[in-house]
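Two complexes follow with chain A in common, the first pairing it with chain B and the second with chain C.
After this line comes the complex of A and B, so read on.
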């Protein structure tokens, strides 16, 4: 037999010398570095709002990652936001009880594709009568289109989102935009429902203006003018405009406009913490119980072995699914249940067999003869001998727990608040991501899972090579 | 009063074929500073006797009886816990057969040598380290050995480490179970010299278990010859080597090879008996060239001043 590897430090050093060990440690280091920088990129507040739909309404929905136009000479349209104080404000009092407020916002639109949507939010207060407003869209070709005319219906702090894309009792943007487009020479369309105001308003003049698929973008300087008539001098009006992009962030967005990059990097600590916590606790308990059983023997051993058989047979996933259906679970509860079902398991059996062997070794007998207590023999003589096996097992088991958590989340039975890779993929699957060509929604969380599990698998193989004498390359 | 007084000690093992009488009613005495060599063929129960004295028993014990008096107290009456704390290493320590395997591969040598101190005296780490180094010096090992792991040492070094470990608690009695059997002759001589010196300096008593009569003669004050779980002859080294009474002892002596000697070593025909069903009467009878009718009865050990379990003693023929 080759000389046994002594001590954890030596094992790590030798593991680093193997190729797979180097890869594994490197990949793990990358994941850990990510975990460390996360609070700076995306503070916990951001991720806490993951399940809150309202927190993500400024982002485009189902947007691709913004670096995709590096592979294309057309520049994809990005998000443009004119915030509350980005609008120039002018007021004039025409009489005692009439005030005109004019808000004007400008922006540059340099992109080659149309936005995916647009939105105008109004925040107003009035004393007696709702404020009447008119919204004019001014284009680089000096055309001006009135896209809204009517009353503001909500008072601050509530925000009124003007109906600018689809039919509404207050306004019919499609009709307004079509009338204007036809007046500047667009071919009319059969169905008003196909008109997308945010396309036509950004389109260069021509016959195809009303056809989202064939219209071409008019680049240049756009502006919005909101003219309001207030009945009271104390009335106020503010506006916020968003032109939603076709692309967003490093990893795109999902159906709620959530930044997938945030979800994916936060998936790393969640997966890592879940996997390692589950593995450390279960492997530890399995090793100790296996060794205890084999060392003390008889009835105790019998009980542990039968319990092990039982726990190996019962399927954990269906039970977790059942629990997930019946109760609202958090990740900590899932972790606890997973650990409970793995208190004993395959490792118990293997460690038991190792213990049965080591127990009979002469040095154990020697220790017994000089009066070492049973506990001392167990923890200083027997369990250290199972460490080589345990060490490789530790890293090889992490992936299976990560997969388990991902499967549960994928099924929608995981933690409802935290973004996990499995949960993101579950959302993607339920919203037909692949059917709609939203590849980023699947690809990034999946690569997160694969990257992490491969890192641990590499590590496991490296340790196995180092610590298993039969696999050592001498 | 003898330091160690063993009376009618028996240790039988349970097997599927029936009990194995590995140690069957052994009695002997050992004075302070005295060395008793226990010599016999492989499988005659020497190691079982050592285990029985130190109560390091396997799981399949069938019978474990007799008296072991240590300094007058019958330690066989101690509970396991009492035995562990009062006898092991404080009273009797042991060097196991095959030192190669009696060291924990994952512990540093110094820690392991000192471990009994930790177990019995609750010593501090510094104290333990200091004493371990001293013990290593006393067996002529350099101190830096304390920071090595067992696999970094040679066989002779490991053997000395094991001896150092046996001495760390300064016991009165050390059982040496084949302490040199896997070593070359030079290293054997070296270790025997270490043992001799320790005996002289610390007035240690040894029970020296070996199959090597020549080696036993180096160290022994008295010699016990074991055959099939029994002591067949016991006496001073002078008596046993010069004037052996039992035919087995004599055959054993004549089987020792001489350096460039004129006599060819003899072997004893046959094999040692089955300890599950030993022969009736004298157990050596089936192999004994001088066996006669009387030998089917169990011979007594004591004949006047000589102790040899053989009926030949009766007529003074031996």
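After this line comes the complex of A and C, so read on.
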């Protein structure tokens, strides 16, 4: 079989001249540009926080991306946060040596959908007796609802989250909100569990205001007033209020409120580094072993051939799953194991067949005749000539390594800390994202991985077209 | 050397591969023997705690205490086979695995039995149904498409399908599964999003059959969509190369129709390399089965793998790894058989 031998530089140049080569290169350049920019958008600290549940409590959970209403007149509700210093503070002392603290926060609510939840955090210190507080919710229609009355139970630095939604034995805001709603004309509901205070408090007055599916939003200026009675003059009180949105960020959030945009853009360097590191090391070893086998021949060649067949056949993913289940693995360990399983492989065979041809060529004969050592002939004359033929395989193997890691992470056996595309998709799948309409959670990481691997597929195809595809048989 | 010798050689190699792979799994699963030391430490701790609680033991003096303690520990170690050297034990475990003596699972996985052979026996046919079904489908679609692409080489049709083939080729079926479920079962509501049968299942046999088919459709189409590219792209390239060979030109100049030339001469010559080229794709699809079945909640071996991971059920994971090694080796042997019959060079060896 005669092979037109092409140099490395010519192969790259010709591949870039094809449409698919240009396309693949462009996509890859885009990914690399993203990777370079990422540390400026989301520093590594953000990634370390990925595994920390407490770092994401200010975000709504399972929220869709916020651009979904871009062409819609009905705006989805966004996150509104009144931070510790956004509340106006008034203090006065009474004759009975009591201290009265009044905190007031205001916000505009211009959206057409209800928030997905709300939360009031209280940070307080007291000297002897817990502080007594009352929380009043004032609406644009001048109605005022007392949503909480009771004691603050936790001292700073701990933060007390008032029971505005959850079941809490201290008080029941659901009860208060229902009583108020019925008093202004709402149809009552059968069970207290059905009451969503964050809906009813934002609902326009009417019979449906206790029904989350039929109530309509009352837009305008809301305010929250916290009146506290403290026993000591040194007691302090601060508040922070969050109205959680229905939508958040460019890529939405997951079940823990994590900003998926951060996870998805950080998936790019992780996948790229994993895929290319695995490919460069394995292709290098496969090339060298293939050339060595063909050059030295006989027994050595036979051993390498059989080892190659062996490693092509054994089921790598099941073995990786076994390892991931029995041992603690990080991404570096996974990479090492993957490399070990690919020391020989498809490239070994290609390089072997080319070496068998090149070995007989005149310039190699010439080198041999002037007394070049075997090592020199192998590494300076033969291996460089085989390099271009590995490019197609090189580009086409990157996707398979990326997907191998993604499969493992998807099953929950990948790196426990890093946000990889596979891990995000696995979280999504386990939490029913596919069936509950949380498409952004799974479609974006899947698109990221498809975009990256298709870039490599185009490059591989371009090289395949430029070089003789026939070499890939056998 | 005839076909028989060729097959015997391949079979020997595959059996050796299987034995080595199984041995590797056994060593990994036992943490290279280190797990024995951990188990022995656990036994010592458990025995000491148990004895401290017994009245007769508390009355013994120190030497007698030590003797009773050593006796009990020794007995437990013997019963659990921990006194034998790891190498000997690993050989026995490998033999057990190879003879499919797989032992007990931690859970029954809905079969009512803890026997791993029963559990796997129930799941295996479903995986084989899905993946051989889609392999046959994608081979038929792929080869047919590849022939058409080669005939209209460099047309828009050819270019379009070449790009589609190479892009779908690198993306595993489970990733397509995610997009297909979102599109066809969540947005369009044409297909169910997962499982093998509706709940409650139809009682009438024909309705049950249709219901199963309806559940099979989306995973089958997904796997086919992600694998046809390998067949069509390889077929196209090979046919284009062979079309220029002398024997094809001779056939053409004899006045044979283009269709006859394509089928009788070109495709026949192209088939062995197509089969070779596709071996890796099928092996890869077995690996993909694990995640694909999870995405579609298809209750085959892959989903069992995932259930075992969630339940940290080590015996099942080990058994499945070995079953997958078997599946890989058997697939390759079947393809070797096909190859042996197709490739005239191998058939001619005996003459």
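The criterion applied here is as follows: the second predicted complex is superposed on the first by the 454 of 474 C-alpha atoms of A that agree within 3 Å, B and C clash if a C-alpha of one lies under 4 Å from a C-alpha of the other, contacts with A are read in each partner's own complex, and residues count from 1 in each chain.
Heads up, the rule we're going with is that a contact is a pair of C-beta atoms (placed from the backbone, for glycine too) under 8 Å apart; a residue touches a chain by one contact, two chains touch by 3 or more.
What you see is a predicted model, and the numbers here were worked out from it, not measured in a lab.
Once the two complexes are overlaid on the shared chain, A:40 sits clear of chain B and of chain C alike.
Residue contacts after overlaying the shared chain place A:376 against chain B, while chain C stays out of touching range.
Once chain A of one complex is fitted onto chain A of the other, the partner contacts of A:71 are absent, as it touches neither chain B nor chain C. When both complexes are overlaid on chain A, the residue A:314 reaches chain C alone and has no touch with chain B. In the superposed model, A:454 makes contact with chain C only, not with chain B.
Legend: residue contacts after superposition of the two complexes on their common chain; A:385 is shown touching chain B, with no touch to chain C.
In the superposition on chain A, contact of A:367 is made with chain B only, not with chain C.
More residues of chain A lie in touch with C than with the remaining chain of the pair chain B and chain C.
By the touch criterion stated above, chain A contacts chain C in their complex at residues 20, 306, 309-310, 312-319, 321-323, 325-327, 346, 396, 399-400, 403, 407, 410-413, 425, 429, 434-435, 437, 439, 442-443, 446, 449-450, 453-454, 456-458, 460-461, 469-470, 472-474. Touching chain A in their complex are the following residues of chain C: 13-14, 17, 20-21, 24-25, 28-29, 31, 162-163, 166-167, 169-172, 174-175, 178-179, 181-182, 186, 193-194, 237-238, 241, 273, 276-277, 280, 283-284, 286-288, 290-291, 294-295, 305-306, 309-310, 312, 314, 317-318, 320-321, 324-325, 327-329, 332.
Within the complex formed with chain A, the chain B residues making contact are 54, 56, 59, 84-85, 88-89, 93-94, 96-98, 101-107, 115-116, 119-120, 149, 151, 162, 165, 169. Of all residues in chain A, only 3-4, 6-7, 297, 361-363, 365-373, 376, 380-381, 384-385, 387 touch chain B in the complex they form.
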